[in-house]
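The following pair of complexes shares a single chain, chain A, combined with chain B in the former and chain C in the latter.
Now for the complex of A and B:
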């Protein structure tokens, strides 16, 4: 089949699957986050945690609960990594070094899943199952919970800053959404050929008489939540390019669907929670527009972009998923950098210069196309507030979003939210590119070396986790720098989001009138898309000029 | 060669984590105090005044707005 036709059919198949599943899952999510009833298993969990499930938390308590839960997760996972050689199913591996254990703990708790190590060569089955996979579930649940709290803040009026109960949101998301959906996806992956066992290394003899070590493990179960929770940390170093994680074109498409379905569904659920489906539809449409642009540009860059390989061979195949074709890698890369996933089915370092630039730009957008589970929605809603504010400035009216007046205090929160990640990325890149220990980790110099460092700090601060894998990041310098960026990039914006949610929950809802900017029409979708591109463009184009853009032109 | 290893480096990373989360908790408190005082100030304004002029052009001046 013609490669372009295959690429188009693949995208159409994905769009069809999402169009079918997003409204269903969105409705289910909205029900979960608004229902007053608890399941029996959930009630047991609340009793065990000594949680008053009926308490409606102030945004401050909600934020402190999320922070406390995440702090406990980091300390637990850090201890797990340092003590793994003393625990069962350690696979004979040494404990992770201090800096590596800390980086891994922060990485998985912040939903980043940056991996400085090779999964199959450094971590045993127990830490994979009881440490990393558990964080894959609960870190995703934290993101979804915060997004649900933000939607509730917009839906409520005069509620003294109360936005729900973090523990109820966390438990419901895990028990009712992530566990059942991940279970089904894991079963499908096993049926399609992914590995699921507790075996250690098998020594094999190849046809030519050579030796090969094949590592087994609980791969399919980890793979399912890795994609659904937009986590991305692979059981194997090759991630989804490994045939045991991603055995066929069908599983490849299934994994891309799993990456995208929850972020889009949460945006759909948002419309239902605020009791205006059109608002959710507008957010989904904006996310979808940005994603389609990203997929198109990346596919073009890899199949027909500048460079000898795409021009002569028809595609830049080095380092790519040769089993499924270049378009499959381009689609996977756009999905994984448009969300906060970081899973890969090819090496992003091997993307063409413009392709790598598109992948980086996807992360720099704040991962709102459609973004991480939960974080994509609240990131997009922050930009929606900026958009109504700018429109208010243009026509001289008081801006409002969903009937909530946007005054100085709201805009201060949104502005510091928007500024936080770029500051982390650019300051982090400056540190990495001036410190000898940072430069020592780069595989090359010149524009591509700068791209390696810029990609790493962008990935960390935006909680993505993918890498230009030529970089050697398993050093104390890189582990500490990226760990700090992941931690601050996750929780500082989250605090501003929850504060704004509390502010909205306290405010009155103003009735719409002829001066109200409709936020569900194509005009607003266009404005929101434009604002996202302009804000990111103004912030990051100078850095991109020095890396992928110069490399494209050279 | 790794520079850090062992108990001291473990302690350093644990302290770094605790310091970061202390900072985040302080940020929560700071924002809450600031928003709390803003809300108290807003509560002093009669409810009718809060909404009466909203969305009426030119009565809510926004610095820099096009006119």
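Now for the complex of A and C:
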């Protein structure tokens, strides 16, 4: 079969699998985020843990719970990293240094999974399972919970800022969604070759008498939630390029599906929660449009293979695995940067210049195509508010979204939400590029060096976690800077989202009239896509010009 | 100040929930997956190890490697894998790609040198050397090479082992996987399994 046809069929196969699963999972998500009934085991757990599961929390209280839970997570993981050598199953590894433990704790709690260390050489099985992988579950659950709370805020009227119960959302997401789906994915991964054991490192003698270490571990269980929760932190340094994490083209497609299914399903669930399926459909369509454009450009770039090294070699195979080739690597790269995953099945630093630029642009979009679990939906809904606001200005009417009036106060929240990440990225990049300790971490200079730094701060502030991995980021400077960016990039926007959800929950619903802009038609989908591109474009084009664009043109 | 107190109170509740989540997601979940995986797919769960005769084993002491993990060799009677950037080459404790960008002069130089070396070794011209032969993989332990790179090595391997080209070509064909379902990923040849077959044929 011709390579282009195979690439197209591979994309269509993915689209088909998503089209089948997203409405099903979306309906299920909408149910668990609106049902008043607890499972018996959940009710017992709430009582035992002394958690108030009945309160309908005000947005401030909801935010406090989300922040408090995350703070506990950071402290717990920091201590875990510092003390790993004193715990069982430590693999004989040293404790993480304090700047490294801080970076890793923030990284996993914020759903970023930036890794300054090499998994097989720094972290034992226990911290991987009971520290890092636990945050893979719960950080994803926090994101989904906040998105559900935002959807409920829009669905309610005159509810005094009350948007639901954080603990209930958190527990239900973890127990009823993430655990069962991850379990199935993990078993399928093992059946297809991923490893799952608790062995320590064994030395083997190779066919020609050399030595090779066999590095086992609870890999498949972690791989499954790493993709489903759009986390991305690899068990191994090579991440999903490692054959034990991603052994075949089939597991590759399964992992890409796992990356995308929950963000899209949450958007579908949104429509059901606000009791207007078409609204969810419009969000899914916008996300899908942006993602398909990203996939197409990245696939084209990698298969065409522009640039000196790919031209000399004959194809852009540097940093790619034979079993995946250009097309399946490009598909994974578009999915991982369109969400906030950051897992990689090929080395992004070795992508072609336009391919790397598309990957970076996907993250800069704020990861809304379809974005991280939960965060993708609320990011997109923030842009939807901007869109109705702009359209309202154009025709001179008071803008509204789903019957909620968008006034000055709402727009202030949306504006600061949208400005937070770009400020973090650009200020972060400026600090990194002026500090000697920042420059010291770059593997090269010129436009590619700038891309490397820009990619790192973009990845951190957007909670992605992938890297142009030539960068040496395991230094106190980079660990501290990126840790700050990850922390602020996650929780500052989240607070604005919850504040807006509270305002919506308090507000009346205006009846639709002839002047209302319908937010489910293709016109709106087009406008929303345009707004997303313009907002990001205006913010980041200057920086992109100096990095990937100059590199593409040179 | 009261906000800080409230946050602290929520953090304590958070810590209790986190501990429960750690037990459930951090211990029960991976251990149950491990149990099921070991019971149902023990060989794969242990790393798809194979012995010198190509048989499956779960014992690393008996194995010559994993069918999924590439390994280096410098035996001209065997098929060579792709270049590796993992540590000093094929280091499973340091899996990675080169992370060199498309315009990196060192990468261009390395590719050109590899092309010259391989062309001389296989007795072909530089433009016949396929891309995967001269580029480092992402993991540094890529178990596969392209069918084109395998075909390029057939004559040398046949000569070194006193086998016919046809016999070795047949072995390559036997160990070539097409795209999964015809359209997923790329066609590939598993180097370790192929080399085991070559050694068996040589006797």
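As a working rule, the second predicted complex is superposed on the first by the 545 of 554 C-alpha atoms of A that agree within 3 Å, B and C clash if a C-alpha of one lies under 4 Å from a C-alpha of the other, contacts with A are read in each partner's own complex, and residues count from 1 in each chain.
Here is the rule we go by: contacts are C-beta pairs under 8 Å (C-beta built on N, C-alpha and C of every residue); 3 or more make two chains touch, one makes a residue touch a chain.
This one's a predicted model, so the numbers in the text were calculated from it and none came from an experiment.
A.B. asks: Please tell me, clash or fit, for chain B and chain C sharing chain A in the overlay.
C.D. replies: Because the two structures are overlaid on the shared chain, the partners are seen to fit without clashing.
A.B. asks: Who does A:32 touch here: chain B (first), chain C (second), both, or neither?
C.D. replies: It touches nothing on chain B or chain C.
A.B. asks: Per the contact definition in the header, classify A:335: touching chain B only (first), chain C only (second), both, or neither.
C.D. replies: Touch status of A:335: no partner.
A.B. asks: What's your read, chain B or chain C touching more residues of chain A?
C.D. replies: In the superposed model, C touches more residues of chain A.
A.B. asks: Under the stated touch criterion, which partner chain does A:502 make contact with: chain B (first), chain C (second), both, or neither?
C.D. replies: First partner only, chain B.
A.B. asks: Of the two partner chains, chain B (first) and chain C (second), which one does A:491 touch, if any: first, second, both, or neither?
C.D. replies: After superposing on A, A:491 lies in contact with chain B but is clear of chain C.
A.B. asks: With chain A's C-alpha centre as vertex, what's the angle to chain B and chain C, nearest 10 degrees?
C.D. replies: 160
A.B. asks: So, A:71: does it touch chain B (first), chain C (second), both, or neither?
C.D. replies: After superposition on chain A, A:71 lies in contact with both partners, chain B and chain C.
A.B. asks: Check whether A:393 is in contact with chain B, with chain C, with both or with neither, and answer first, second, both or neither.
C.D. replies: first
A.B. asks: Going by the contact rule set out at the top, does A:254 touch chain B (first), chain C (second), both, or neither?
C.D. replies: Once the two structures are laid over each other on A, A:254 reaches no partner at all.
A.B. asks: Could you look at A:109 and tell me whether it touches chain B, chain C, both or neither (first, second, both, neither)?
C.D. replies: neither
A.B. asks: Working from the superposed arrangement, determine the closest approach of chain B to chain C, counting only CA atoms, in whole Å.
C.D. replies: The answer is 6 Å, the least C-alpha separation in the overlay.
A.B. asks: Report, in rising order, the residues of chain A that make contact with chain B in one complex and with chain C in the other.
C.D. replies: In chain A, residues 64, 67, 70-71 are touched by chain B and also by chain C.
A.B. asks: In the complex, go through chain C and note every residue touching chain A.
C.D. replies: Going through chain C, the ones touching chain A are 3, 6-18, 20-22, 24-27, 29-30, 32-34, 36-38, 40-41, 44-49, 52, 60-61, 63-66, 68-75, 78, 82, 86, 90-104, 107-108, 111-112, 115, 127, 129-132, 134-146, 179-186, 188, 192, 195-196, 199.
A.B. asks: Quick one: which bits of chain B touch chain A in the complex? Just the residue numbers, please.
C.D. replies: 2-6, 9-10, 12-14, 16-18, 20-21, 24-25, 27-29, 31-32, 34-35, 38-39, 47, 50-51, 53-58, 60, 62, 64-67
A.B. asks: Would you tell me which residues of chain A are touching chain B in their complex?
C.D. replies: For this pair, the touching residues of chain A are 59-60, 63-64, 67, 70-71, 74-75, 78, 82, 97-99, 101-102, 106, 161, 392-398, 400, 405, 409, 413, 476, 480, 484, 487-488, 491-492, 495-496, 499, 502-503, 506, 508, 510, 513, 515-516.
A.B. asks: Would you tell me which residues of chain A are touching chain C in their complex?
C.D. replies: Within the complex, chain A touches chain C at residues 1, 5-6, 9-10, 13, 45, 49-51, 64-65, 67-73, 76, 118, 120-121, 129-131, 133-134, 137-138, 167, 170-171, 174-175, 178-179, 182-183, 186-187, 190-199, 201-208, 210, 212-216, 218, 220-222, 225, 236-238, 241-244, 247-250, 252-253, 306-310, 312-325, 327-329, 344-347, 349-353, 356, 443-444, 448, 451, 468-470, 551, 554.
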